[in-house]
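Notes to accompany the following structure.
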Amino acid sequence: MSDALLNVEDLRVSFRTDDGIVRAVDGISYAVGEGKTLGIVGESGSGKTVSSLTTLGLTRSRGSDISGRIMFGGQDLVAMSDEKLRTIRGNDVAMIFQDPLSALHPFYKVGWQLVEAMQAHGSISRKAARSRAGELLQLVGIPDPQRRVDQFPHEFSGGMRQRVMIAMALANEPKLLIADEPTTALDVTVQAQILALLNDLQNRLGTAIIIITHDLGVVAEVADDIAVMYAGRIVERGTAQEIFNEPQHPYAWGLLKSIPRLDSPRGEELVPISGRPPSLINRPSGCHFHPRCPYVQDSHKQIDPRLEPVASGQSHAAACLLEPSVRQRIWRGLREGRDLESLQRLAASSNGQAGGTSGAPPAPATASSTPPSGAAPQEPS
Amino acid sequence: MRRSTRSLAAFAATGLLAVGAAACGSSSSNSSSGGGSSSASGSPKIPLKAGENPVGQQLTGKKKGGTLKVYSSGDFEHLDPGQSYYALDYALIQATNRPLFSYPPNSATTVRPDLATVLPTTSNGGITNGGKTLTVHIRPDVHFSPPVNRAVTSADVAYAIERGGNPNVGNAYFPAYFGAGAPAPLLGTSSKSWKGGPIPGITTPNKTTIVFHMAKPGAGLLLQALSLPISAPLPQSFVAPLDKHSPTTYGSQYLVATGPYMVQADKTGKIQGIGYQPGKSETLVRNPNWKASTDFRPAYVDRINVNVGGDATVIGQQTLKGSNAIQLDTPSQANVKLAYQQYPSQITFTQGSGDHYVALDNQAGPFKNVNARRAVWAALDRAAIVKARGGSLVAEPATHFIYPGVSGFVQAGGYPGPQVDFNKNPSGNMAVATKYMKLAGYKSGKYTGNATVQVVGANSGNDPAIIQIVNSAMTSLGFKTHVTEVDQATMYSKYCGVPKQNIDACPTVGWIRDFADPLSVLYATFYGPAIVPTNNSNWSQTNDPAINAAMQKAALVVDPTARAQAWANVDKMLVSDAAAIPEEFGNQPNIESKNVAGVNQLWNEGTWDFAFTSLK
Amino acid sequence: MTTYIIRRILWGIVLLILVSALTFLFFDVFPSADPAILRAGRNSSPATIAHIRHELGLDQPIYTQFVNYMKGIILHFNFGYSYYSGASVLSLITNRLPATLSLTVGAAVVWLLSGIPIGIISAIRRGTLLDRTAMGVALVFVSMPVFWFGIMLLFLFSNDIGRYHIFPGAASYVGLTSSPVDWFTSLILPWIVLAGTSAAIYSRLLRGSLIEAMGEDYIRTARAKGLAERRVVWRHGVRSAITPVVTIFGLDVGTLLGGAVITETVFDIPGIGRLNWQAIINADFPIVQGTVLLAAIFIVVANIIVDISYAYLDPRVRYS
């Protein structure tokens, strides 16, 4: 994908701490085409935020090591000087953050903060910047923008603040917008509005978007491509279609099952992935997911799987030691609502290894719950 | 008669001198080289300023003119001669006023005429009527400073004295030497009908003559009391309206002078905000109406800037290392040590800066028994007290009550004091103490009663250490004690000066003479009839009929020599009675800049005399 | 806001009356020297003392004394007269205020100009040798007794008793109006002494506060906007981190305007602190009362100003 707008190649980010080296991002590669939307999905601590902050150079510090390449407009953002990168930041590449209240400076008026964003890149008169600030607020759907520019962030509701953040990010008409959990702090109806807004703006402005989220449901509607991250790596990558229809990685299955669905019976428990994300200092051996994987086999604890195409020539790729055919059968079984035990047997038998019960996997919390049926890509209704 | 606030403040400064004194412990042995000084037992035991000790100091200055800088961490209390009663104040008052008589700086005991033309004696007709009448002639050629300008008359002296009885002025010693409390009150002042105003006992037959009338022969004492600032003339027309305020605004707002210097003032005589900035500074300039020919004061310097405030250590250093400066209040112990070792020509020690004693309640409690008092005296480690006060440079163990520099000191035994066994050993003698405890009726030699001895002392400076030493002397004899430490003013006004508080021991009281007469040391402090319910100065409540009678008699002796002997006898009686326990005789350290030819006034606690000090 | 300020001022007045009442009570309840006796001097007759007590109003019940005192202030702006010098307390205070004002304002400038940059640099260079050195030095300054520090500076750098004759020493203070240059040079050492502790405290406070602020989301936003780091630190980080500093700054200045006894004594600067201290020693109650009231006024006013400026500093704060 050399023609992509952003091309991340073998990006590694680690932080030296008193407790040891935190390998936050461990060799990831992805690309975003112009006007396209990439969803990066993962739990907190999976490295998804670090990777995007690194794109903006915001993880640079005395305690961090960054390697790999981030090609943007023919330039490597990793190798770029701080000063040069600053001219790209907020200009060609913009970012919005999870909590729109804490992300806006509480002491400055919204208009002031918008103007500041514009004046950081290029000489625009204060007056022009102010009138543009009003336009931007209008663009993101804030009513009465001329009055609102003179208000402070705490005078806005959560959704409106996120619109302000988006307006600020769009101030310099960036080619790429990175949205880090843009809807997490908002309630459900507002979430939908913000996603719709992003979608709409993308259509009108042609901005490429990276949406970072722990919630596959968020990207279901807007993403063209999806990358699933776990423990600093991409464990599955594909088009939204592929990920939702033919998810390959047991972690992706877990994420899919934990999408809250409006058509689920009321009171039904969401199915989280059991266990906790691994330490990024001492990662599990072999497949980093193995302590939490219901289908783990002994060999998985030694072999570190690589991200490999599901079928040759496909962009859909996964890093899983289970045979693709086995994965397909298990996923099908999950959709049909088969019990976990039989699926685990399936994994063990097809693995060709004796004693599939050895190395008992952690007791899955999913055992007694009803697996989602008809797990096609979910369209939030 | 002054309570020893100054000395206490003085000694209060730091804790270093004990070390300093120890370092120069041989000082008393090499003191004999200190130059020709007075009589044997009165001779100084400490090395004084090289070749020029204050007794034999030169009064001829070095240079005329210049500005003398005076550092003082404490401020003056009163600039009005009628109100002032404080050594610091006297230093300024003496340079700006002309009392009838004054002490030359190098004499502590002999007054000389100042505003008066001649010292009145029986032979020159000044003392007549058997000592009941004192006639003083004053100079016709002394003038008030602007804005008054006119010549001083005898009526100005009469007014200055009579206003001492005005409560708005509240002169502290008027009652003791002129009024009802005096051994020989001026006529009329002791009558109930006299409510202030002109004193019947003072007459001014003409402009240069003033006559004092008494019913008893008090001329000998009165003559000396007229050296006090109260006898400095004041212009009634100028001062009387100010005296209507309470307190009077003369001295705080307005001031006129008769001496060589005046506090800088505006055309109306107002000083506050001009030459007098309370708590900040005082500026003395030459009094344009002063004539050198009329005065024995040479008044060398042109101007005196008094700078008030600052840390004692800092201003001491400024004085020692700087130029044109003297430190008016007592230097810190650190600086005394520094000066003694590194700037020996810039420090002087003058004797007679007062004394301290343990006042023991003679009227009630365990110390009603004279032998119990003697026992504590014998047990007390006065050498330790001297050390705590700052060592042998600034203190000597006391053996009796009339202290060095006061007439009668030599007659009462000088430094060794009256010969009694309980004052012999400065470090204390437990054998003697036990003997007196047994005589007091405690067979074991230890106190066996139930009473708890109430001890009240001051809480600043070295005083807590003194309280400790006194307390341990008492407890070593079996006394149970309860010690209260309060600030010095409270100690006097709420405890030790209030007889009904029944304080058994006040170990940190002190006294400073008003002038060299022994009466001013012993009368208010040990005369029984002087006991009053509040503001009492007879802290030990001594009220021995024999002693009272002896004091009455001695107070009225006119002849100086006989007078000294009479009071020395009173002193011996007080010692024998152990009316109180003298702790130490104080010496006053003074420091000056290298280019200052400072002169100390021996009579006033030994500090500097502005009118004699000159620049080199 | 206006009603808030008015209410605060009214409360402030109530507080000042309370402070005055307490001061009266303290002098009445606790053993202190009798002003009448001190005024009269020793050996004075009981009649004299009684007269003085009457003239000073000390023979009246304490509440009458208090009411009269308050009346004097409110009706005549009269704060009474010194028992000793007879000078009006108001004139004494106005006479001393310029020195205290000079000392405080200058010291405040010094400690802000030193404490704030040090705090910022330490926060930004957190963990470096520079930071550790600065914070170590700050700790020394915080724990150093003011008295000792003052004396040391005098012994080292004053032009009379110092080892190196550089700055004017103790007692060199002159009013600003009489000689601005001498005023300035005479105050250099006192400013350093008075500012030393505060500069250290402020740098430590600001460092902590800025480190916290620099971890906030809005700092990330500011960086993501592509702002220059200097602007991120100053306009976004310091702007937030400074608010706690403003609070203690207001209170510190308010307190110091009430007098800095030790510094004033060591450097012999005739300010309010020394006036108060001397008055306490002399039991010169009217001056004590006046200076205590003045100090209370400064603190109350400083508090109000801090609260009002807070509303400007942090738009989220609203008073009603």
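Letters are used for the chains, namely A, B and C, taken in the order the chains are written, and counting of residues starts over at 1 for each.
Criterion: a residue touches a chain if its C-beta (ideal position, glycine included) is under 8 Å from a C-beta of that chain, and two chains touch if they have at least 3 such contacts.
These numbers come from a predicted model, not from an experiment.
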* Taking the mean of all protein CA atoms as the centre, name the chain whose own CA mean is closest to it. => C
* Structure fact -> Quick note, more Cb pairs in contact for B-C or A-C? It is B-C
* Gap in Å, rounded to a whole number, between the CA centres of chain B and chain A -> 92
* **Averaged-CA centre spacing for the pair chain C and chain B, given as whole angstrom** => 40
* Structure fact -> Taking each chain's mean CA coordinate, chain A and chain C are separated, in whole Å, by 55
* What are the residues of chain B that contact at least two other chains? -> none
* To do: Would you pull the chain C residues touching chain B in the complex into a rising list?
  => 31-34, 37-49, 51-52, 55-56, 82-87, 91-92, 95-96, 147, 151, 154-155, 160-161, 169-171, 264-270, 274-275, 278, 281, 283
* **In the complex with chain C, residue positions of chain A that touch it** => 53, 56, 58, 82, 86-91, 94-95, 97-99, 102-107, 109, 116-117, 120-121, 152, 154, 165, 168
* **Touching residues on chain B, where the partner in the complex is chain C** => 1-3, 71, 75, 77-78, 83, 85, 167-168, 170-173, 175-176, 179-181, 245-249, 252-253, 272-273, 277-281, 307-311, 313-315, 317-318, 321-322, 486-487, 489-490, 492-494, 497, 524, 532-535, 537
* Write out the stretch or stretches of chain C touching chain A in their complex. => 216-218, 220-229, 235-236, 239-240, 313-316
